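In what comes next, subunit A is part of two complexes: it sits with subunit B in the first one and with subunit C in the second one.
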Partner chain A sequence: MTFDLGMPLLAEVALFALAVLVLIVGLITQGNAHQRIGWLTLIGLVGVLGLTFVATEGASLFSLSFVQDDFALFAKRLFIVATMVSLLGSLTLRHSTFARRSAEYHFAILSSLVGMMVLASARDLVLIFVAFELMSIPLYVLTGFLKRDSTTSEAALKFFLVGTVSSAVIAYGMSFIYGVTGSTALEAIGPALADGSPLMVLGMTMLFAGLSFKIAAFPFHMWAPDAYEAASTPFVAWLAVAPKAAGFVAIIRLYVEGAGSTSLMWMPMVAAIAGMTIVTGNLMAIPQSNIKRLLAYSGIAHIGYMLIGLAAFSSSGVAMMLFYLVAYLFGNMGAFMVVEAVAQSESSDGIDAYKGLAQRSPLLALAMLIFLLSLGGIPFVAGFWAKLYVFWAAIERGLYGLVFLGAVLTVVALYYYLLVARRMYIETSDRTDPIPVPGLLGLAIVICLIGVIGIGVYPGPWVDMALRVASTLF
Partner chain B sequence: MRTDPGTLALVSLLLPLASFFVLAIVAPFRRLGRPAAYFSVLCATGAFAAAVMAWLAQGESTIPTLHLWEWLPGQGKSLATVGVLVDPDSTVMLMLVTLVALLVQVYSLGYLHEEPPKGLGRYYTYQSLFAFSMMGLVLSPNLLQLFMCWELVGLCSYLLIGFWYPKPEAARAAVKAFWTTKLGDVGFLIGIVLLWRSAGTFDLTELHAMVQSSTLPLAGLSIITFCIYLGAAGKSAQFPFHVWLPDAMEGPTPVSALIHAATMVTAGVYLLHRTSWLFALTPDVLLIVAWVGAFTALLAAVLACVQDDIKRVLAYSTVSQLGYMMAAIGAGFSAAGFFHLLTHGLFKALLFLGAGAVIHAVGTNDISKMGGLARKMPITAIVFLIGTLSLAGIPFFGGYLSKEEILGAMWAGGLPGPFAVLMLVAFLTAFYMFRVVFLAFYGPSHVAASHGELVMTTPPDEGKIVHDQPGPHSSHLHDPPASMLLPLLTLAALAMFVGIYSTLIGPLLPAEAAEHAAPGWLTPSAVGVAVVGILLAWLTYQRRTINPESLASAFGPIRTAALAKFWVDDAFIFVYERVLLTFARVVGWTDRYIVDGVLNMVSAWTLTAGDDLRTIQTGKAQDYVYGVAVGVLALILWMKLS
Partner chain C sequence: MGLQPFLVLSSALFCIGLFGVITRRNTIGILLGIELMLNSVNINLVAFSRFNGSVAGMVFTVFTISITVAEMALGLAIVILLFRVRRTAMADHLDLLKG
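Up next, the complex of A and B:
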C-alpha cells in the first residue's frame, strides 16, 4: 500500500503522534508551559482536521473492520471541532495546579480523542470495545483533574465506578453476541437477529444498556451532574458533547447499520428510553441552583430528543439526529463557555451569579441568552430546527405520543432556561463592573454564536449534509 | 456592460440592504446624519443603476432567470426558497422602485434639512430598509418570500409614518396604518397557506406551470384567491381598508411620495398582476375585484373633492387611482392595471414631491391658506401642473394612455357598470385636482394671513422636532433648493416623455401593449369628461362664475356624507368598541380564570415533580450502580416480554 494523505487511520496515527509530542514537550519544558502546550495541541488539531478533509471516502482497513465512510468522517470532524472549542476555553484557565500538569491534561484529552476517532470508524465488536475504553479512561482522569477538594475526587470516583460497571455490561453483552454469531464483525448481527435467537436479543439489549450510560440516558444518567459540577468547565463543555456523540456513533453503527432490516424491533425500547430521559432531564433541571448541574440535566433531556430521532430508525431520523448533534454542540458548548467566563470572574457556578448580567456585560448576557434560546428551541436559532426536524422524522414513523411528550416538555425546558435569562435581564445586582472575558474564551463564544445563528438562519446546507451522511447507512 | 440580469438584480437588491445594515449597526456613523444620508443615497444610486442594467440585459434573454438557494429544506423538496425572479414585469417595477426611492432620498436631503442629525440618520436607515424590502417583494420568485417582504414594507411604512412619533397624530396614524393593513395580511397569509396545501408549492413559476397544464386543483380556489385579494386590498387601500391611507399623510411628505403613492400601496396591484393567471380561474372573485375597485375609485374621488389638506387630496386621489388599477385587473386585463401602476408611480410621486415643495415653502397643508403661488414658485407650479394634467389623463401627459387602456379594458371586459363609474371618476379627478391647482397656485394669496397661527401649531415641547409644517417661510416664498428641485424636474421630464411617447407612438413597453380593441368613441369621451372637469374647476375656483358654496350645497347630503368620510371610520370604531372589545373581554376572562388556572395547576405539579425526582439523585455511588443494574434488568425484561 502506497502512502497518501487520504489513507485510513492516518488521522488517528497523526493524532497519537501529536499526543506523544505533547507529552515530550511537557517533560522537557521547565515551569509553566500551559500556553505553549495548548497552542501546540490546537495547531496539531487543525492539521488533523485538515486530514479528515483529504481522506479518501470509502477506504477501509483490516478486512472492513475499520472503515472511512462519510459517516465516520462526519463524526470525526465533529469530535475535533468540539475539542478545539474546548481547548480555546481551557487555554484561559489560570489555576496554578492545573498549569504545572498541562501536558498531562492535553495528553489525556488527545488520547480520549483518539479513542473516539477509532470508534467512529470501527465496525468490529472488539475494536469498538477497545476504542470505548480508550475514550473513557482519560475521561475519568480528567474529571478528577482539578484536585480542588474532595468533591472532585468523589465525582471522578463515582464516574469511574459506574463507568466500569457499564463497560462490564457492554463486554458481557458482546460476549453473548459472539457466542451466537461466532463472529465479531457487525455484518453478522443483522442475520442473527433475524433468526430470532433470544440470546442475541439479550446480548444486544445489554449492549444498549451499556451504551446508554455513555450517552447518559435515563436511568444511566446519574453520573453526569456530579461529574459536570466537579470538573473544569471547558472540559465539561467537551464532556457533554464529544463522548456523547461518540456513544451515538456506536449506537448507530450497531443498531442501524449492524442490525439492518431488524432495526425496527428496537424502536419501542428506544422510544421508551427517549421519553423517560426527556421527562427526567427536564424535570430535574428545574430545582437546580447550580448552572452546571442545570446544564447537565438539560443535556440529559437533549440526549432524549436525539433518541427521538434515533427511535424513528429511518434515514431522515438518523440524519436529523446528526443535525441535532451539530446544533447541540454549538449551543451547549457556547453556554458552558459563558459559564466559564462568569465563573472566572465571580468564582461561582451558582445561578445567582447571573443576576444583573445584562447590565454588567450586555454582550455576554446576550450571547448566553442566544445559547439558551437555541437549547430551548426558539426560532431562528439552531436548536429550533433541530427539534423540529427530529419531531418531523418521528411523526413520519407514527410516533405521535413521543413527539407530543417531547413538545410539551420543551415548554418546561424553556421555563428553566428563562429562569436564567430572568436573572440576567430582570433582576439587578449590587455590582456594576463588567465581567472580563479573556480573548480566547471570547473567540470560543463567538465561534459558537456563529454556529448557532448561522445554522438557525440558514439550516439548508447542514440538513443536506446530515441527510447525505445518513443515507450511506441505509 | 453585459451581465446576467439575475446577478444585476441581486446586486441592486443587496445594495440598500448593505446600506441598512451599515446604518443600523454602526450607530456613531448613523448619528452623524448627513454622511449617513449621503451613504444611503449612494447605495440607492447604485441600486438604480444596477436595476436599469438588469432591465436592459433582461431584454435579450428569453427565459426568466431564477437565482435560488434553499432556505428551509424539507424532505424531498425544499419548503421554502429564497431567490430573485427576473422577468419583464419585475425588472420594470424594480426600476420604478429604485428610481423613486433614489429621487425621494435626494429630495429628503433638502426637505429634512432642519432635522437633527440623529433623526436624519434614523430616517435614512428606514429608507434603506424600505427600499430593500420593496425590491425583495418585487423580485420574489415565491409567495412566502413575497409575504415576508410584504410584512417588512408594512413595518417600514409604520416606522416612517410615525417618524415624528412625539406628534400624537403621527403615532396614531402609524398604528392605524399598521393594523388596517394587517387585517388584510391575515387573509393573505391564510390564502397562501391554503394554496400551498392544495398545490404543494409557494413557487410562482411552478404554480403558473400548474395552471397552464390544468393540474392545479380548482376546489376551493375561489376562497384562496379571495384571501389573497384581501391582502392586496389592505395594502392597496381598497374599500373598506382605505381608511389608513389618508391618515398616513402624517409622515414626512417624501415618505408619502415614495411609500404611500408610488411603491408600497401599489404592491397589492402588483401582487394581483403577478398572479393574474391564478385569478383568471376564479371569475367570481375577479368580479368582486372590479366592482370594489370601481366603488373605491368613486368613493375616494368624492372624498377628495371636499378636502382642504393638499396631501389628503393627493392621498384620496391615490386611493382612487388604485381603485382604477384594481378595476382593470378585475376586468381581466391586469397588464393595463400594471401599466397604469407604472405611470401613476411617476406622476403621483411628482405631485407629492411638488406638494412637499409647497408645504416646505408655505408652512401649511391647507390649500385655503395658499393661493397665488405660481408667481413666487414658477417651477414648482409648472411641474405640479404637469403632474395634474397627467393624473387627469390629458393627451401628451403621463397618465393619458394608461387611463385610456383601463377604460378600454373595462368596456372590453364586458363591465359597463364599473365602466360608467370610472368615467364619472375621470371627471371628478380632473375637477378636484384643478381645484387644488387654482386654489393653491392662482388667485389671491392667503399666505401672509396664516403666518401667526402657524407658529402656534408647533407643540412647545418639541422644539427640536421638525414638523411637516417646517415653519413659515412666507416672507421669502421661492422655489425649493436644488436637491429638491432636481427630483421634481426629473420626474416631470419622465412624465412628459412617457406621455408624449405613448400619445404619438404607443405603449412604451411591449409587455403593456393593448390587448383589446377599444371602441373609437372612447378616447374623445374620456378626454372630454376630463376637460369638462377642468372647466368646472376653472369656472368655480378661478373665474368664480359659479359660487363654490352654492355648488357645494347642490350636493347637500353627499357633501355632508363626504365630510364625515362616509362614516367608514366610524363603522370601524363601532365594530372595534362594541364587537371586538366585548369579545376580547370574554376571551380575556376565559384566559385569566380557566386557561391560566389549568396551566397554573399543571405547572405547580411539574415543579413538585421536579423536586420529588430529585430524591433519586442521592449522591451515593452505590445507588448509581443500583440504577444501572435496575435499568439493565428493566430493559431485558422489556425485550423479553415484548
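Up next, the complex of A and C:
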C-alpha cells in the first residue's frame, strides 16, 4: 500500500498525533502555556481540516468497517469547524486553571474529537461503541475541569452517571443485535430486522434509548442544563453542538444506513420523541433566569426539530437534518460566545446582565439578536431555512401533526428569545461602560455571524451539499 | 445448557443494576449498579459468541471490559473530587444545580 494524503484514517492518526504533541508541549513548557498550546492546537486543526478535503472519497479500510464516504467527510468537517470556533473562544479564558492545565484541556478536547471522527466513519458495532466512548469520556472530564468550583463537580457527576448508564444501555442493545445477526457489521442489521426477530427489535429500541441520552432527547434530557450551567462557556458551546451531531451521525448510520428499508418501522417512535422533545425544551426554557440554562433548554428543543427531519426517514429528511445541524452550529455557538463575552465582563450568566446591552455595546447586542433570531427561525438568517426545510421534508411524508406542533412551539421559542432581546434593547441599565470583547472571542463571534447570515441569505449551496451527502445513504 | 439461561441471567443482572442506579442514594452504590449493568452486557456477548460460533462477541467483550474500567476509574475520581469539595457522597445532597 503506497502512502498518499487521501488515505482513510490519516486524518484521525494526524489528530491523535497532535493530541500527544499538545500533551508533550504542555509538559516541557514552564509557566502559562495556554496561548501557545491553544495556537498549536488551532494550527494543527487547520491541517487536519485540510486533510479531510484531500481525502479520497469512497475509500475504506478493514473490510468496510471504516469508510470514508461523503457523509463521513461532511460530519468530520462539521466537528472540526465546531472545535475550532470553541477553541478560539477558550483562548481568551483567564481562569488560573486554564493557565496551569491548558495541555490537559486541549488534549481532552482533541481525544474527544478523535472519537467523533472515527465514529463518523465507523460501520461496525464494536468500532461505533469504542468511538462513542472515546468521545464521551473526555466530555465528563471537561465538564468538571474547573475542579475547585463546587457546582462543576456536581454537574460532572450527574453528566457522568447519566452518560455511563446510557453507554450500558447502548452496549446491552448492541449485544442483542450481535446475538441475532451473528456479526458486528451494520449490513447485517437490515435483513435481521426484516425477519422480525423480537430480540432484534429489543436491541434496536434499547440502542435508540441510549443514543437519545447522548443527544439529550426528551425523557433523557435532564443532564444537559446542569452540565451547561456549570462548565466553562466555550466548552459548553462545543458540547451543545459537536457531541450532539456525533450522536445524530451514529443514529443515521444505524437506523438509516444499517436498517435500510426496514427503517420506516421506527418512524412513529422517532416522531413521538421529536414532538415531546420540542414541547419540553421550549416550555422549560420560558421560566429560566440563567442564560446558559435557557440556551440548554432551547438546544433540547432544537434536537427535537432535528428529530423531525429524521422521523421523515427520507433522503430529503436526513439532508435537511444535516443542514439544520450546520445552521444550529453557527447560531448556537455564536450565542454562547456572546454569553462568554458578557460573563467575562459582568461575572454573571443571569439574563438580567443583558439589561441595556444595546446602549453599552450595540454591536455585541446586535450579534446576540441575530443569533437568537436564527435560533428562533426568523427569515433571512440560517435558522429559518433550517426549520422550513425540516418541516417540508416531514410534510412530504405526511407528518402534518408533528409539523403543526413544531410550528406552534416555534412561536413559544420566539417569546423567550425575545425576552432576552427586550432586556438588551428596551430595558436600561445603570451602567453605560461598553463590554470589552477580547479579540479572539470577537473573531469567533464574527465567524458565527458570517455563517448565520451567509447561510440565511444564500442557503442554496449548503442545501445542495446536504442533499448530495444524504442521497448516498439511501 | 441452551442460550436461554444465560440471557435470563444477564437480563436479571441488568435489571438489578438499573434498580440500584435508580434507588441508591450513595453515589458509590450508583457506580456499583452501573458496573452490574455493564457486566450483564459481557455475559450476553460471551453467551451469544459461544452459541453463534463467532469470535466477534469475545472481541467486543474485551473492548467493553476495558471501557468499563476506564469509566469506573473516572467515576470514582469524580466522586472523590466531589467529596473533597462538598464533604458528601450522597446523591440527594447534590442540589446546587436545578431548574
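By definition in this document, the second predicted complex is superposed on the first by the 473 of 474 C-alpha atoms of A that agree within 3 Å, B and C clash if a C-alpha of one lies under 4 Å from a C-alpha of the other, contacts with A are read in each partner's own complex, and residues count from 1 in each chain.
In this text, a residue touches a chain if its C-beta (ideal position, glycine included) is under 8 Å from a C-beta of that chain, and two chains touch if they have at least 3 such contacts.
Just so it is clear, the structure is predicted and the values come from calculations on it, not from any experiment.
Engineer: Fit or clash for subunit B plus subunit C once both are placed on subunit A?
Structural biologist: Aligned on subunit A, subunit B and subunit C fit with no clash.
Engineer: Once the shared chain is lined up, is A:Ala156 touching subunit B (first), subunit C (second), both, or neither of them?
Structural biologist: In the superposition, A:Ala156 contacts subunit C only.
Engineer: Once both structures are overlaid, what angle do subunit B and subunit C make about subunit A, taking C-alpha centres and a multiple of 10 degrees?
Structural biologist: Value: 160 degrees, nearest 10.
Engineer: First (subunit B), second (subunit C), both or neither: which does A:Glu133 touch?
Structural biologist: A:Glu133 contacts subunit C only, not subunit B.
Engineer: Examine A:Thr280 and indicate which partner it touches, taking first as subunit B and second as subunit C; both and neither are also allowed.
Structural biologist: first
Engineer: Based on the superposed arrangement, let me know which partner A:Phe208 touches: subunit B (first), subunit C (second), both, or neither?
Structural biologist: The first partner, subunit B, only.
Engineer: Under the stated touch criterion, which partner chain does A:Val54 make contact with: subunit B (first), subunit C (second), both, or neither?
Structural biologist: Neither partner.
Engineer: Between subunit B and subunit C, whom does A:Ser183 touch in the aligned arrangement: first, second, both, or neither?
Structural biologist: Second partner only.
Engineer: Scan A:Asp464 for contacts with subunit B and subunit C and give back first, second, both or neither.
Structural biologist: So A:Asp464 only meets subunit B here.
Engineer: Contacts for A:Leu264 in the overlay, against subunit B (first) and subunit C (second): which applies, first, second, both or neither?
Structural biologist: Neither partner.
Engineer: For A:Val13, using the defined touch cut-off, is the partner it touches subunit B, subunit C, both, or neither? Pick first, second, both or neither.
Structural biologist: A:Val13 contacts neither subunit B nor subunit C.
Engineer: Taking the superposed arrangement, what is the smallest distance in Å from a C-alpha atom of subunit B to one of subunit C?
Structural biologist: Result, nearest C-alpha distance in the overlay: 5 Å.
Engineer: From the superposed pair, tell me which subunit A residues show up as contacts to subunit B and also as contacts to subunit C.
Structural biologist: 157-158, 161, 165, 169, 225-226, 287
Engineer: Show me the residue ranges of subunit A that touch subunit C in the complex, using the header's touch definition.
Structural biologist: Touching subunit C from subunit A are residues 125-126, 129-130, 133, 137, 140-141, 144, 147-151, 153-158, 160-161, 164-165, 167-169, 171-172, 174-176, 178-179, 182-184, 225-226, 229-230, 287-288, 290, 293.
Engineer: Along subunit B, where are the residues that touch subunit A in the complex?
Structural biologist: Contact set of subunit B toward subunit A: 69-73, 75, 78, 603, 606-607, 609-611, 613-614, 616-617, 619, 621, 623-625, 627-632, 634-636, 638-640, 642.
Engineer: Residue numbers of subunit A touching subunit B in their complex, please.
Structural biologist: On the subunit A side, the touching residues are 157-158, 161-162, 165-166, 169, 198, 201-202, 205-206, 208-209, 212-213, 218-220, 222-223, 225-226, 268-269, 272, 280, 283-287, 316, 392, 396, 412, 415, 458-460, 463-464, 467.
Engineer: Going by the contact rule at the top, pick out the subunit C residues touching subunit A in the complex.
Structural biologist: Checking each residue of subunit C against subunit A gives 10, 14, 17-18, 21, 27, 30, 34, 37-38, 40-41, 44-45, 47-48, 52-54, 56-57, 59-60, 63-64, 67, 70-71, 74-75, 78-79, 81-82, 85-86, 94, 96-99.
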